[in-house]
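I've put the structures underneath this note.
The following pair of complexes shares a single chain, chain A, combined with chain B in the former and chain C in the latter.
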Partner chain A sequence: MRVRKRMRLRKSVLIFCVAASAMLALAALPTVEKSIAAGPPAAEVKIDNFSFTPATLTVKAGTQITWTNADDIPHTVVSEDRSFKSKVLDTDEKFTFTASKPGTYSYFCTIHPKMTGKVVVE
Partner chain B sequence: MNPFDPKAALLAKHAQHVVLIHFPIALFLTGVAFDFAARCTRKAALEAAARLNILAAAGTVLPTLATGILAWQWQLEGQKLKGLLLLHLALGCTSALLICLVAWIHLRRRKAAGSAFPVYCLPLELLAAMVVALTAHVGGFLSGVNVPG
Partner chain C sequence: MPQQKNRDAILFDHSHDGIDRRGFLKCMAWAGTGALCVLEGGVLKSYGLDDPAHIAKAARGELSFVQISDSHMGFNKPANSDVIATLKAAVAKINALPVPPEFVLHTGDISHLSKAEEFDTVDQILQSASTKNVFFVPGEHDVLEDDGKQYRERYGKNTKGAGWYSFDKKGVHFIGLVNVMNLKAGGMGSLGAEQLEWLEDDVRHLSKSTPVIVFAHMPLWNIYPEWGWGTDDSAQALSYLKRFGSVTVLNGHIHQTMQKVEGNVTFHTASSTAFPQPHPGGAPSPSPMKVPAEQLRGLLGVTNVNYVRKHHALALIDSTLE
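Let's turn to the complex of A and B:
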């Protein structure tokens, strides 16, 4: 009798644990989705063929801008007022800047000053 | 930035290197070509032309090297180089050394009038010309001149 009772108890504890884990996982799912959705807005600028694409980027304040060097040549991303400045970016390297203050930021590549771009933060 | 615009060439911090670099390349390669021609034809005039071109190339090496290093310090704020930029720096320094070495050999021979050129002089000139051409090629890629389209 005692052995049977123990077996039943173990079975019910196991079922409870599995059910509780499943419920916790389901409850966490929308939170994960919410936290992804609540991340900062992002924008991308591609560096290719000695130019920034798009040449002028308009974003909302707080947007995270990522420059990716898709060129075979190293480039830099430096704003004229030096509010942001990247290291030398080799092929496929990235540089990220969060535009927090509204305004217009003109930037260029220090290796190739002919390469210019603009970020307009609203 | 137009390298042939005098204002841009004189005032921009990095532009002088792009202008000056053409002098040692052109003078040295021409000098080597004259030297090869002089050895084939045994003409003293060609030998003198070769010597003058190579000496002039050596004279322009120092400002070219200096402006290249200044461009690195000013435009890239001396940050650690890698990839093509590092390769260009290493090849540039090697080219400068080889040009100066060839010029020194020519100068030494001029002082010791009548003495023959060392046997390694022509292969050394050929090697230097190849390294100079390779440095120029990498530099052309970096500046965007050698990029197709």
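Let's turn to the complex of A and C:
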């Protein structure tokens, strides 16, 4: 019994130490964040109910844009000038495009052309 | 126009097209549950499927064929996790017809993702149909990734362009059109200039009394443009068919039966064998409709078409897979 109690005590000391170091780490977060921010900025477009959301996405040049198909039906993401063109995306499949050149890109689903969207790259 | 003392006789023929509003709506109402619509000399008559005497009479055509559509082989979402079983049920319906059909028309979306194994499965299931003659037109799901190359290799031998063609059976001229290629942003189905030119030329030599049956995947009439349920240049195609006494247009794509008559043209869409879609505007999008399992087969189906030369009549009978 006594041994167990001691062990419990040791455990709580250990937990305290872990918690304290975690707090220290939190305090140091700005540095961590900086290193994440060094990756490319990202943006998401959801494909749902036969539409792109947001319909118009405005991003800084270099942003990595990811489209995810949440419909039960396959869709595509194809810009009218063909500067980006996804494969057919079945349910939950993704397409990623990094917008490097500023401009306005109108795109649509080539299977359901009533589905249209725009990417504005600043 | 023969006067008939039957309850479906034409009462008001404002547009002189042989169809009054009451008769047309009645036909529309039945279309969803299984109906027989007979076009005789421009007069549309409709009967419910509970009227076996009339059906038997109308079904004794000289040319009988079946339209199936939208088998979406490979689809496995909750709206129907077993599209193989429902396609087999459709074939069983075909095989149970009192008169074996001359052939089957498949109006597209054979596959869900244009995969070879999806086409293989459909071909294999259709092998057990009472007729081995199947004519196809592609749906947008059949021409993914490769601009329809695989589709044409499998089903489009001896066709023109993207897979359009025509043939004659017992005095009826059949035209299979492709309206799912090169779709434009913001648009609907598209036939394109090359196909329209071919169509104009294809029907030029026909006498105006030749019955014409056109089939294509997407509707050749604007059912619901908001969902892309129509074809941008269909009006031009139909203008080449205006001079004919009897034109029937058969489509798929919208996964429900719907019928419209305009002058001498009867438009009809077939059910899917895979999953139902909502009525136009009846949901936020045309996504597959999830219904309780016991209701599913009541919303899927096949269409049986009979042509009676003597009466210059076409009878369309939609039946569900139940």
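In this text, the second predicted complex is superposed on the first by the 87 of 122 C-alpha atoms of A that agree within 3 Å, B and C clash if a C-alpha of one lies under 4 Å from a C-alpha of the other, contacts with A are read in each partner's own complex, and residues count from 1 in each chain.
One rule holds in what follows: a residue touches a chain if its C-beta (ideal position, glycine included) is under 8 Å from a C-beta of that chain, and two chains touch if they have at least 3 such contacts.
Just so we're clear, the structure is a prediction, and the values are computed from it rather than from any experiment.
> Superpose on chain A as described above, then tell me if chain B and chain C fit or clash.
Verdict on chain A: clash between chain B and chain C.
> Now for A:Ser51: first (chain B), second (chain C), both, or neither, which partner does it touch?
The answer is second: A:Ser51 touches chain C but not chain B.
> Touch check for A:Phe108: first (chain B), second (chain C), both, or neither?
Only chain C; A:Phe108 stays clear of chain B.
> Between chain B (first) and chain C (second), which, if any, makes contact with A:Thr116: first, second, both or neither?
second
> Touching A:Lys87 in the superposition: chain B (first), chain C (second), both, neither?
both
> Touch check for A:Pro74: first (chain B), second (chain C), both, or neither?
After superposition on chain A, A:Pro74 lies in contact with both partners, chain B and chain C.
> Between chain B and chain C, which makes contact with more of the residues in chain A?
On the superposition, C touches more of the residues of chain A.
> So which chain C segment collides with chain B once the two are superposed: 25-33, 43-51 or 133-141?
Stretch flagged for C-alpha clashes with chain B: 133-141.
> Let me check the overlay on chain A: which residues of chain A are in contact with chain B and also with chain C?
Overlap of chain B and chain C footprints on chain A: residues 49-50, 72-74, 87-88, 90, 110-114.
> Provide the residue numbers of chain B that touch chain A in the complex, in ascending order.
1, 12, 14, 75-76, 79, 81-85, 141-144, 147, 149
> Enumerate the contact residues on chain A facing chain B in the complex.
It is residues 49-50, 72-74, 76, 87-88, 90, 110-114 of chain A that touch chain B.
> Quick one: which bits of chain A touch chain C in the complex? Just the residue numbers, please.
Listed in rising order, the residues are 49-51, 71-74, 80, 87-88, 90-91, 106-108, 110-114, 116.
> Residues of chain C touching chain A in their complex?
Residues 77-79, 112-114, 140-141, 144-145, 183-188, 225-228, 284-288 of chain C touch chain A in their complex.
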